[in-house]
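Chain nomenclature is as follows: A, B, C and D, assigned in order of appearance, with residue numbering initiated at 1 for each chain independently.
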Amino acid sequence: MQQCGSAVRSLKPGDPVALEPGIPCRICEYCRAGRYNLCPDVQFAATPPHDGTLAKYYTIPEDFCFKLPANISLEERALVEPLSVAVHCAKLARITFGSSVLVLGVGPIGLLCCAVARALGSSKVIAVDIVDSRLLFARNYAATVTYRMESLSPEENASRIMSSTGIGEGAEIVIDATGAEACIITGIHALKRGGMFIQAGLGAAKITFPVAQLCSKEGSYRGSFRYGPGDYRIAVELLKQERISVKELITHRYDFSEAEKAFENVEQRHGIKSIIYGPDTNQ
Amino acid sequence: MQQCGSAVRSLKPGDPVALEPGIPCRICEYCRAGRYNLCPDVQFAATPPHDGTLAKYYTIPEDFCFKLPANISLEERALVEPLSVAVHCAKLARITFGSSVLVLGVGPIGLLCCAVARALGSSKVIAVDIVDSRLLFARNYAATVTYRMESLSPEENASRIMSSTGIGEGAEIVIDATGAEACIITGIHALKRGGMFIQAGLGAAKITFPVAQLCSKEGSYRGSFRYGPGDYRIAVELLKQERISVKELITHRYDFSEAEKAFENVEQRHGIKSIIYGPDTNQ
Amino acid sequence: MQQCGSAVRSLKPGDPVALEPGIPCRICEYCRAGRYNLCPDVQFAATPPHDGTLAKYYTIPEDFCFKLPANISLEERALVEPLSVAVHCAKLARITFGSSVLVLGVGPIGLLCCAVARALGSSKVIAVDIVDSRLLFARNYAATVTYRMESLSPEENASRIMSSTGIGEGAEIVIDATGAEACIITGIHALKRGGMFIQAGLGAAKITFPVAQLCSKEGSYRGSFRYGPGDYRIAVELLKQERISVKELITHRYDFSEAEKAFENVEQRHGIKSIIYGPDTNQ
Amino acid sequence: MQQCGSAVRSLKPGDPVALEPGIPCRICEYCRAGRYNLCPDVQFAATPPHDGTLAKYYTIPEDFCFKLPANISLEERALVEPLSVAVHCAKLARITFGSSVLVLGVGPIGLLCCAVARALGSSKVIAVDIVDSRLLFARNYAATVTYRMESLSPEENASRIMSSTGIGEGAEIVIDATGAEACIITGIHALKRGGMFIQAGLGAAKITFPVAQLCSKEGSYRGSFRYGPGDYRIAVELLKQERISVKELITHRYDFSEAEKAFENVEQRHGIKSIIYGPDTNQ
């Protein structure tokens, strides 16, 4: 049964919300300092030992529910979470109006990074991938220009990216959404002096990393981990203002009873995003 | 002959100064934005094709001369340059009062990084090296605690650093002054969540880098390149206020005519800093 | 005669450019640190003793010329300067996606601040003025909501702004483009906790200022002076990407020979922006 | 009876601690973003309707207790609170090594601001007051130079401060600990271009404020309200490292039974700090 605790003030049963699925301890030094995504005691849904949200009812504190306006559909709501991942990357990268942004890998997170970069006014949003069909999608979706990785050295690929996409001395911001060594090295070589490289997600355990190349530019290489204060709010705002559209990313839909098939589908890398409908929801 | 240009206002012939030896173009986007150390057209002394300052007279713009107070001796003046390198690292690392700082490698730059960290009020300044005598020097000079690298995996060395030096979950700031793979990996493992790793100098061309380890902490890995606006001023101030002593770093002194021997001595890693006296200066 | 100096690399005679009209000394501590708008020796066009740009030919360094793409018309070019003022305000205010921004006074600078705030993705852009027709223009141009100042105390006006425009506890950012005491006090009262108040332009010499009100919120009150590194580039980019339209701000046009009339017109506060055509340009 | 809740991990009964006396809600947007001093629902000791800590036992969450090392005496512990106020001011002011800092009013908070500025390596710490004996104390305690306000205009006092204390174009940072109009105006005039003015505490309700003077320098005027994440930790660290001494600020001591006299003493502005001993503590 849908219900709210007696102390809840901003929500009532039935309100459409997006859930931020990691509840931090609120008392450690990270939580106190506004970096709750680093809380060592966070209870993050679907990260063992914590169950995920794939259930008929789910209990979550009020301040991790984000009320949604009517112009955001049920399916779009489900994409507030990955969109918040991209928003967090953009915030760490300090993407601002006029930035040049290179995104390596245009799966769901890479595409959303392109979309956020574009919405924030980046001048150049360069999508890089190895699959032509993905690049075509990226170009129609949010990238201003694309580059298909060739069977060449990372240095050579970087050099071609810089000469063919008009970024000259490199991109101010590079976001890698692949975690793959060849892409990361390419990105470091295509980074502008003083630039910021954001690793979206965890990346490979270990890679061969061109330290001197990064350092001679005084570049930064930084991990982005989940999302923090304000990211969900901005993700909702991007959808509300219609600066970003996420509908076209949803390529597969499943009933609650078919949930396992959805996971298999993702594992086989079919389409972009698969949605599982709740037990009482109609597609 | 010592002389000043007619437009010089703040200096007169004979004033003791420290020279900042890289003259940027002053018009590129980096110069305009206050990041002149990234100027692609900088003329940096002793970086080919530009000659170094090893000469009787040297011409340099007024604003790259930093007037020195009387309490800074001739020999100390010569160390304003490496001290500025350490100041720049500390600035990029955002070392502040109460920081925990791990410094890998305690050659001249590593020692100066320890000294700057201590002067800025760091609670813990942990010096790491493979040579006991260097660690002893570091401990007497500026480190609050030391650790000798063992013939163990970087993970294991990091684990021992954290348990033996009282930094618990890792150091907020790690500065590597070795460029060596084993040290860099150790430092990444000993970095606290949300921490900042500064690579002082260029580091190795390529190393095996534990990407996932850095990213799961949302850590930053950043190069530090030379020095920028304000760094020389702060280096001079540190000496003037006597917050840092650099005299004990000078282990060898050479006449101008023996300059080559000084370079050989550095190459053989004897002592810490070698000073070459100018043609008309008395030791 | 149009010509370029022999060292000019990025421009050729005839290229359309916007001019950034203040040439700093490039050597003082402000210039070195990337805050050249604070240079005490800046030569700013039309600020005595320096002549303005109202001339057939004007000599200016290459790096203070910003090349314009073909989709920016001659008249729009003339508005890059005031647009850069608004960009600088937005940068100091750290306007970002989802910000709530209150703009007091919707003359040319206030309108451009509204437009920049909107282009950067602000959720709420609240225009405040005393003239209904200006508010109507602002609403059609860039504000999301407007408020007409009433003959009430600043506290009461602030209270009505907060309750009628949906910003609840106040605006995260307030920009005052009036310099008038009543507006500034109103803005302080309508500022959210921890918010940033930007004074565009110089404001009144002295006003009665509600210190305790600002301080109990730990708010900041900051002046914005002209423009600095990157502001012109972003202004050009906003026009190029068509995120902002400035054509509708041009209400009066004058021939070079009628220049004085243009100044009189501005003094009488007719319309929004008056354009003076150069001696050889056709309207 | 001294006791700890069952979930407390870092403390045991009898541990010496400093108490941070404002407990925020931990769920509002300010708390989530690491600015809990702005929490509208904070329960701050001695701010009605909340009782103060003047009691034999006081219940407070673990994370608002800061364990103290043995080298900090009982009396010094009591001054961690005002020291944290000064630390927070210094953080907002971004005082760093080599800063020039002007402190207006050297009562307890002003003196502690001087001490923190000095500990952080400020080059110049200028104490300003109207009472010679206070200035003498400040000079011996932490200021590098002092200035006694004269019966002159604020402009003239500012001019004399700048010429007599060696700060030339003004202080990079001004901290006002008086709240008085004449001091605030003086401070604005003695602020360097691009400088930061921090209002410690609330200041007067309203003052005549030289807006144009602040804005022509692109200066910031910012309130500092209590303390936030990390401030207590740094205050404790300053005492632990003996970078700051607070003993000499304690001029009066009272038994618990005489508490009212202590408040009367403060009201009459006798001495600097008055300490009330707890019911079971021996002086």
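The rule we apply is simple: a residue touches a chain if its C-beta (ideal position, glycine included) is under 8 Å from a C-beta of that chain, and two chains touch if they have at least 3 such contacts.
All figures in this text were calculated on a predicted structure; none of them were measured in a lab.
Participant: Rounded to the nearest 5 degrees, what angle rotates subunit B onto subunit C on CA?
Facilitator: An angle of 180 degrees brings one copy onto the other.
Participant: Hey, which chain ends up farthest from subunit B, C-alpha centres compared?
Facilitator: Chain centre farthest from subunit B's centre: C.
Participant: Centroid of subunit A to centroid of subunit D, CA atoms only: how many Å?
Facilitator: Here the centre of subunit D sits 42 Å away from the centre of subunit A.
Participant: On a C-alpha centroid basis, what's the spacing between subunit C and subunit D, in Å?
Facilitator: Comparing mean C-alpha positions, subunit D is 37 Å from subunit C.
Participant: Just the number, please: Cα centre separation of subunit B and subunit D in whole Å.
Facilitator: Their C-alpha centroids are separated by 34 Å.
Participant: Using the touch definition from the top, which residues of subunit C touch two or more other chains?
Facilitator: If we look for residues of subunit C contacting two or more partner chains, we find 35, 230.
Participant: Using the touch definition from the top, list the residues of subunit B that touch subunit C in their complex.
Facilitator: Contact set of subunit B toward subunit C: 26-29, 31-36, 61-63, 229-230.
Participant: Which residues of subunit A touch subunit C once you look at their complex with the stated criterion?
Facilitator: So the residues of subunit A touching subunit C come out as 96-98, 119-121, 123, 230, 233-234, 237-238, 240-241, 243.
Participant: So in the complex, the part of subunit C that touches subunit D is made up of which residues?
Facilitator: 30, 35, 37-38, 40, 92, 169, 179, 184, 193-194, 199, 201-225
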